[in-house]
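Got a structure here, written out as structure tokens. Questions coming.
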Amino acid sequence: MIWLHHVAKLYDTGPVALPALTDVSFSVDKGEFVVLSGPSGAGKTTLLRLLYRDERPSEGEIEVAGFDLVTLRRSRIPLLRRSIGIVFQDAKLLAGRTVFENVAFVLRVLGTPRGEITPRAFQALKAVGLSARAQAYPAQLSQGEAQRASLARAIVKAPALLLADEPTGNLDEDMAAEILELIKEIWTRGTTVLLATHRGALAAQLKRRTLTLRAGRLVKDEG
Amino acid sequence: MFSFLVGEAVRDLRRAGRVGLSAVLLITLSLAALGAFWLVSINLERAVTQWRERLRVVAYLRDEPRPEAVAELVRKVQAVGGIQRVRYVSKGEALESLKRALGAQSSVVDQLPRNPLPASVEVTPDEATATPEGTRELVQRLTALREVEEVQGGAEWVESLAQWRRLFQLTGLAVGAVLALAAILTVTTATTLVLHARRDEMEIMRLVGATERVIRLPLLLQGMVQGLLGALIALGGLEAAHALLAPRLEPLLTLTLGLSRAAFLSAPEMLLLLGGGAGLGALGGVLAKGRSFA
Amino acid sequence: MFSFLVGEAVRDLRRAGRVGLSAVLLITLSLAALGAFWLVSINLERAVTQWRERLRVVAYLRDEPRPEAVAELVRKVQAVGGIQRVRYVSKGEALESLKRALGAQSSVVDQLPRNPLPASVEVTPDEATATPEGTRELVQRLTALREVEEVQGGAEWVESLAQWRRLFQLTGLAVGAVLALAAILTVTTATTLVLHARRDEMEIMRLVGATERVIRLPLLLQGMVQGLLGALIALGGLEAAHALLAPRLEPLLTLTLGLSRAAFLSAPEMLLLLGGGAGLGALGGVLAKGRSFA
Amino acid sequence: MIWLHHVAKLYDTGPVALPALTDVSFSVDKGEFVVLSGPSGAGKTTLLRLLYRDERPSEGEIEVAGFDLVTLRRSRIPLLRRSIGIVFQDAKLLAGRTVFENVAFVLRVLGTPRGEITPRAFQALKAVGLSARAQAYPAQLSQGEAQRASLARAIVKAPALLLADEPTGNLDEDMAAEILELIKEIWTRGTTVLLATHRGALAAQLKRRTLTLRAGRLVKDEG
């Protein structure tokens, strides 16, 4: 499902080009549940952005869901992204639309039949415990609620691959446990999951294969 | 999918809000000005055509020909070329028109012992000859005729007419270019606004797998709607202004340009204006770049 | 603090980027059009003044007065009121000017057995009387004089002149209003753009304790700079156009309006245009509301 | 320093007006260190927003740093905010300015003498471990870095009151511990601190007076 070969990423920021990732290679099989761990600034979000082709690697090769991301044409990027569900660390909700419309939007973009959209969107909101706030606008949500809305949007299309960037960062312990349960459930239904977190304890508690980044290098791959 | 795109376009229009309204108004102003210029241009063209029709060169004759020789003379004059029409004016007719021209002082004519005015032929140059050079050559050719004593008129009047037309064409081109620029700038600005209000959204849309078509088409549509709306209001305003002003202006027009009525745009011309508005709006919608903001 | 505010204004200008440029261009166009209209207006006013100067009412006299009685007659005519100047035209002078007017056909005059033209006084109405009604009354008062046989001229010509001026004033008001509207819309739109690009920032600035003055003043400044820049370019463009076109136009102006040269804006008028541009820009900067976006 | 008397906050969201806070009363003395704890959506951020007058209470009275927030005139809000340092849950950095400029901006707004601005801003960035990223723009920061920049901006003016909304939410354990140390240090120098967090463990670990919110009600005030 995911395959990286000697990937490096340098951000071009004027005089000093910072290496955000250096020589990263690993692969994730279809149906795996992998945790991406590492301290703040280690490069977790950068790695995920490479996977959904928001950034291109400075070096190396990447393949995701059958797409070769180095040679992928711009016009075909939407195709790649449609097979991936993404929970953004900062939620990234459409500000002018309600929570419900945010979730339904993904289905409309995919050309889902009209009749299916509303029930499926509500089902996803119910799964993350947000059906009561469906008509709220993003600015009216607490940070935890925004994160759950982002998760609902990611899972509503039942993607082949789920990339979750710190999906419990803004949630209290109880809510975090619930959300992790939910992600596990989605995984058991066949979705490949890559979950990034800076909380070592959380990574340990999940008892799954864990990739550990430190200053842009993959220092551990175990479990 | 179509209803989705239209829905997004409507959302964009709403999003533009008060500024969208400004945009439509600015487009209206631009197109109204363009339309007004066009209208004036059409009417001036008509006047120019009429003036050219009225352009005369008068050849005074040495002697008044005998009535039966007039037809022969006219044929001879016609033969010099570049002539549309020839009219023979006898000595008597010349005196009559002088009397009319003198008006209050026409008593002068009645006291003349004999008619001092020569007979003449009034020559209307054809379209190709109604230029300063053409007329000058025509005058030369007419002067060369044995029957002609002196040739008058034409050249300077045509010169001045041609100068007016040149000036008019220049002004027209300048005004047209400036207004077209203003209109395009306006639509682009308005669409950039919408785009900017939408920039974060577009980024997120791309991230969740929306294609460029889904993202861009509504922008084009809202630009087109703005342009069309502007064109419609402009056309309405022009019609109203024409209906209101034309009756008041017509006496003046007759006096100065010799036009009996002020024409309005024809149906195809109106359609062209509307189509131009929509096209301009769509162009603005496509040209706008949200990226221009730091 | 001042350098800080100016720095923020410059940042706002940069932020507006390509759209700010469009805004300046649109302001330029608006002000250039306004300026051009003003220029035409100034020259038309001059022409109108000249025309009014030239407006004449001619009173034909029953008999030619003896030379020593002319002064007395002129005083008498002057006494009817509403008169700026009176000029006596003798029978001989009248024939001379007829001869000049006839041009090629002046030989007619030489063949007259005696001078059929009457002596007359040419009356120039004063400013207050140079209206259709004023002239009509003047004609009546002149006709009432014992020495006067018939009074001609004035009324219709003034009527038509007044009509032209009315039309001109109407057009001027309409064009001026429309362009002012367009200019204000443009600046407001441009500033709204800047404001929108800045909206999140303004929110955050408020949250960290920036006063409204620190937040709003740079906006006003950048609007003013845009307006001033637009006005400067417009003025430059107008000067260039005037320098380029005036020499070519002057023969035509002389022919049609009787003006020997096309005047440009005076220094205070130019300052007014610049000040107007800056003021307009500042107004746009203050009026703009970022809130109009949903 | 802070005094609330029967405060309630209802957000006006169309047909259903949600009570985000109900009948909250408490006070915090000058120099105290108080933790505000509660699950996601409990109303922590809402409570903080009332304290810096970003929102007005629907009912009740509030006094902060000597200002009566119910009667405070709009033009005097900046005065209130200048005496408060705020770490926003979502960082809220000025996107068009570098990290350094973001921090310096606060000092410039306060009219700090030119010569003092640069050294003080750099000192604050050093304290949160961000001096190396001083010239980066917010979009170039990891979430943890953004949160630290927000903290640097809050402390640079040495405020009388520090409101910190989940200041360690995007940080790994080590970094979080460091930041908490830093906040404690600021507190020992005389700043009153109110720290909101949804992590019960963190609240317990701090061993400070803890106010606990649940569904908008103050259910506990102990320690």
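When the chains are written out, they are named A, B, C and D in that same order, and each has its own residue count from 1.
Just so we're on the same page, contacts are C-beta pairs under 8 Å (C-beta built on N, C-alpha and C of every residue); 3 or more make two chains touch, one makes a residue touch a chain.
Given the structure is predicted, the values throughout are model-derived calculations rather than measurements.
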| item | value |
| --- | --- |
| Steps in the shortest chain-to-chain touch route ending at chain D and beginning at chain B | 2 |
| Separation of chain C from chain D, taking each centre as the mean of its C-alpha atoms, in whole Å | 63 |
| Approximate Å spacing (C-alpha centroids) for the pair chain A, chain C | 68 |
| Computed distance of Cα centres, chain D from chain A, in Å | 29 |
| Touching two or more other chains - residue numbers and ranges from chain D | 96 |
| Where chain B touches two or more other chains at once, by residue number | 15, 294 |
| Chain-level touch network, classified as line, ring, star, complete or other | ring |
| Chains touching one another, given as label pairs in label order | A-B, A-D, B-C, C-D |
| Sites on chain A touched by chain D in the complex | 11, 13-14, 38-41, 45, 89-90, 135-136, 140, 142-145, 166, 169-175, 198-201 |
| Chain B - residues contacting chain A, complex | 1, 4, 11, 15, 200-201, 204-212, 214 |
| Chain C-touching residues of chain B, taken from the complex the two chains share | 14-15, 17-19, 22-23, 25-26, 29, 32-33, 98, 104-105, 107-108, 111-114, 116-117, 150, 152, 160, 163-164, 167, 178, 181-182, 185-186, 188-190, 192-193, 196-197, 248-249, 251-252, 255, 289, 292-294 |
| Of all residues in chain A, those that touch chain B in their complex | 52, 54, 75, 77-82, 84, 86, 88, 92-96, 105-106, 108-111, 153 |
